[in-house]
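Two complexes come next, and they have one chain in common, subunit A, joined by subunit B in the first and subunit C in the second.
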Partner chain A sequence: MRVTFPHMGNLFITVKGMLQYLGVDVVVPPPSSKRTLTIGAKYGPEFACLPLKLNLGNFIEASEKGADTIVMAGGCGPCRFGYYAQIEHAILKDLGYDMKLIVLEPPQKHLSKLLAKIKELSGNSSWWHIFQSIRFGYQKAQAVDEVEMAAFRSRPRELTPGSTEKAYTKSLEMLDRADSQIALAAAKRNADELMSAVAVDNKKTVVKVGLIGEIYTLLDPFSNQYLERTLGRLGAEVDRSIYLSEWVNDHIFMGMVKGVRTRKEACEAAHPYLRHFVGGHGQESVGSAVNFARAGYDGIIQVFPFTCMPEIVAESILPEMKADYGTPVMTMIMDEHTGEAGTLTRLEAFVDLLTRKKEVKEALCK
Partner chain B sequence: MKIGIPRSLLYYYYYPLWRVFFEELGAKVVLSSHSAKGILAAGLKNAVDEVCLPVKMFYGHVLDLAGKADMIFLPRIVSIEKREYICPKFLGLPDMIRCLKNLPPLIEVDINLYKNNRDFYIAIKNIGCIFTKNHLDIWRACLKALQVQKKYFKLMQMGLMPSEALALIEGRVEDKFLPDGEKLNIVLLGHPYNIYDPYISMDIINRLRSMGAVVATAEHVSEKIVRNYAARLPKKLFWTLGNRMVGAAFHYLEQPGISGMVHVAAFGCGPDSMTGGIIERYAHGSGMPFLNLTLDEHTGEAGVMTRLEAFLDMVRWRKAACGT
Partner chain C sequence: MKGYIGIDVGSVSINIIFIDDGGVVAEAIYLRTQGQPIAMVQKGLKKLSGRLPAGSKVRGVGTTGSGRNLAGIIVGADAVKNEITAHAIATSQVVPGVQTILEIGGQDSKIIILRHGVVTDFAMNTVCAAGTGSFLDQQAARLNISIEQFGGIALQSESSVRIAGRCAVFAESDMIHKQQMGCGLPEILAGLCEALVRNYLNNVGKGKDILAPVVFQGGVAANVGMIRAFEQALELPIKVPPYYNVMGAVGAALLAREAAAKRGYSLFKGFGISNMKYKTGSFECAGCSNLCEVVQVTEDGKVIARWGDRCGKWSNAVIEEKIS
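Take a look at the complex of A and B:
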């Protein structure tokens, strides 16, 4: 059994670490590229959202590398993601790819089904070993998130252009290579050092931009046209509404880990505007926008794939929040078109606007 | 008190229920005007670009009710079947509409049957309490409304379109025709608020009929059959309306005498992109002629007409060829 899974930004570091800890033979799909997208767009349903198409491309490319089993998460709606695995599997079957599918569905009635699937995937490891591997994966996710956050801070302030990017890539490589708890702790220390060694200008004034939206396009740099990197280069410090480790804590550990942001907080903040969950991260998006605005962020950017239903609801409601807090919000919708110039122009204009607004505000305060 | 009901979205399913319920409680029900260019234009102006055509139309209908009604009935329909949803946009609809200005107060009640059916009666009680404190009256109105609703669904299962069933319930027409079997049987699948809204669908039902087709829809199939057929999917769909379309499609694919299948989707509709794909895959698998029509706010009818005509021609040739 050679197992593969879909890409979502740096998710592969966590999942690969977890599966290899269990001794599973893992095939990481090649990083998402234009080829991945072309394959996905060709075979996926026309109006399916971008992540489905990229998933499909990932699976086909992984199968070329010898993968024969797919691990996917499931869901119970109303977001389309819950039916991805089944649709993708049917398409792969029609195309002649004979791949086994293991879907980890959130338990509706009985936990036993999910547990049996996990046991099957892990090749009958003991539950203690499985627990250890999940913990290991979570620690990796946390370490990756910390590196990302450090990069968010230093990118707009770096003295040598490109130095953050170099340190960032190297740090992630180190974390990816760590195969035991001890190695991970060492890698984490090294990554910390590497990231803090980036020379920065601490006095530089930067605008702060909060990123909200749908989880896949938010976490996957390829699908959002390297939004965070571009914003960093343009001199904006970014923060995201979702980090992988937070998502894991919310949805898999049921919020057991204390001291981190939870979706509950975001949903409470969303209440005056959106009083019911709408699937996906729609309510969290509205709530995070409110939280960013309250925290004094200069601007907010919402990203989501074209036709994403929950985020369209959020998009319809965000103007109301904007009217109350006065924080500019821009919506960027991602699909299989890859023209970068349009995105870049919009981001430049947005950051210019925020910078100017900030200058005016500071001048008035003096 | 005048209660406004938008002639859009789930109006095509549940209007008889709410009309009888409100009238039994002594309120007057006002409907928005029929879908038309002006209504859609108002919707387009106020909704974000990304929402689908039926929701834009819904915005227009709600705005049309401003000034006509004292209150607008806008429940949050979370779920109408156990462990299923309609679509995320239905979940956020009241919040989206609340952003509009100058509207009469909204009656926002959550209708959520995700866990169990009992929650429906709680919702009914909450709505009824706006009109009367007498719980017995509410209960009586509810029973009567449910009776009428049952009749409405029954009429549809006999092959009537919602507008015809409604006319019959309200005593507006004589018993007219029931489809005769001599003609071309075409299955029309799509969300009820798309195919039954004559403006959105460009009157597809009557056009097909005038081209000599007998039109069958998913609403003509009973709930039980739909559920049985939909259970063939590897995983249950969590959209009630999508489930109905898929179940009905599987049912019709096995019926003798069906000549073709037309699937109507709204541009950018999430569930349609998945269920449409499933239906198309199965239709191709069983050799059923299949036409997929995607509709948006463009109003060019010629394109739709041409495609329908071509489709029916093709189906006729195929039938003739099989006959000889």
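Take a look at the complex of A and C:
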């Protein structure tokens, strides 16, 4: 059994780490590229959202590298994603790819089924070993998130253009290579050192932008046209409403880890505007926008794939929140376009708006 | 004459304007981009230098539009800015106190909301081209009328035919059906204007607080049918500024004035660039799996700019060469 899984930003570091710890033979698909997208768009249904097409491209490219089993998350929300694993599997079958599918359904609805699937995947390892590997994966996710956060801070302030990117790439490589608890602890220390060694101008005033939206396009730089990096280069410090480790805590550990942001907090903050689960992260997006506005962020950018229902609901509610807090919100819809000029224009204009607004505000306060 | 040049390199047209020290437009040149932005910028500058009185001095150049970076490299721009900021700057100067800017160009449409002279919100069409100039162009061609006549004919109508506006494909098929039913041309054109305005307000203008004074600009603002449709839909008077079709370029020139004053001199390379040889090319970098498409611009054989690489390996190399 050679196992593969879809790409979603740096998710591969966590999943690969966890599966290898379990002793599973892993095939990481090549990073999403134009080829991945071309393959996915060719075989995927036209009306499906971007994540399905990229997943499909990832699986086909992984199969070329020898993968024969797919691990994919399931779901049971109003969001179509819950059905994607089966759809993708059916498409692959029609195309003649004979791959086995293991769907991991959310634990709150299908706990026994999930446990059975994990047991199957692990080749009957002991539960203690399985627990250890999940913990190892979670620790990797945390370490990756810390590196990402450090990059968010130093990108707009770096003195040498590109120095953050270099440190960031190298740090992630180190974390990816770590294959034991001890190696991971060392890699974490080295990554931390590397990230803090980036020379920055601490006095520089930067605008702060909160990113909210659909999880895939939010976490996957290829699908969001490198939003975080571009914003950093334009002089904006960013933060995200979702980090992988937080998601794991919310959805796999059922919020057992304390002292981190949770989905519950975001949903509570959404309460004056949206009291209902609307699928995906729609409710969390509204709540996170409120939290960013309350925390004094200069602006908020919502990102989602074209036709994403939960986020369309959130988008139509955000103007109300904006009217209450006065924080500018911009929505970016991602699809197959790879030309970056349009994205850059919007981001540049948005950062201009925030900078100017901040200047006026500070001048008034003086 | 002393003044500033503003260049707006859009998908369909290139506008080059010259403003005097006071910000008044002295010359405006309109060219079709025809897929060759560099050659057209060169041609436009040559034309401009011929039109300016002898002894004129360029104190700064600004570029905007989707081709702003390319044009900025070629001319040596003092300011390179996105269209939204450029439009907002220009309109605030021409119509003081403006609160809403409706802008419809060839490929994109945008709305800019200002309060007290500061942009507070904006939106651009993201996924749909229904409601932009090219769609009107196309329909005018299909009906065998020139785009210049479009608005006048629409105004002749006393009523309008309802046409679906959500999608250019729906609009076109709806229009054909109405036409085959025997509806008159002026009514169809008026209906099309209304459909476009509806689409624009629902799509680009969604959730925006549209307050007077409202300024309508961009190439489509030449269409009187569209002006009437906007006035009816918003129940507000619509202002169309003189030079409505080159406002981006005006904004770029104004930004250049600011930037050059700050710097104390201009980076403008001079009109001589019209005679230089520029070449652009792209190659796929094989350094990693991203396979970035790197674009390279050369001036008389020397590389002056590169972009498109995600890691900065190629673009930084040019910057480092310049510094050393």
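Going forward, the second predicted complex is superposed on the first by the 361 of 366 C-alpha atoms of A that agree within 3 Å, B and C clash if a C-alpha of one lies under 4 Å from a C-alpha of the other, contacts with A are read in each partner's own complex, and residues count from 1 in each chain.
Here is the rule we go by: a residue touches a chain if its C-beta (ideal position, glycine included) is under 8 Å from a C-beta of that chain, and two chains touch if they have at least 3 such contacts.
Just so it is clear, the structure is predicted and the values come from calculations on it, not from any experiment.
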First (subunit B), second (subunit C), both or neither touched by A:Tyr43: neither
Partner chain in contact with A:Gly279 - subunit B first, subunit C second, else both or neither: first
Touching partner for A:Pro78 - first (subunit B), second (subunit C), both, neither: first
First, second, both or neither for A:Gly162, with subunit B first and subunit C second: second
Which superposed partner A:Ile333 touches (first subunit B, second subunit C, both, neither): both
Which superposed partner A:Tyr97 touches (first subunit B, second subunit C, both, neither): neither
Touching partner for A:Val360 - first (subunit B), second (subunit C), both, neither: second
Touched partner set for A:Pro319, first subunit B, second subunit C, both or neither: both
Residue contacts with subunit A in the superposition, subunit B compared against subunit C: B
Which superposed partner A:Met309 touches (first subunit B, second subunit C, both, neither): first
Subunit B/subunit C common contact set on subunit A: 306, 316, 319, 333
Touch list for subunit A against partner subunit C, complex: 30-31, 33-35, 161-162, 165, 169, 226, 229, 306, 316, 318-319, 328, 330-333, 335, 341-342, 344-346, 348-350, 352-353, 356-357, 360
Residue numbers on subunit B that touch subunit A, as the complex places them: 47-48, 50-51, 76, 78, 83-89, 91-92, 94-96, 98-99, 110, 233-235, 237-239, 265, 267-274, 276-278, 281, 294
Subunit A-touching residues of subunit C, taken from the complex the two chains share: 66, 81-85, 108, 118-124, 126-127, 206-207, 289-291, 310-312, 316, 319
Partner subunit B, residues of subunit A touching it in the complex: 45-49, 74, 76-80, 82-83, 86-87, 89-90, 94, 103, 105, 108, 273-280, 282, 306-310, 312-317, 319-320, 333
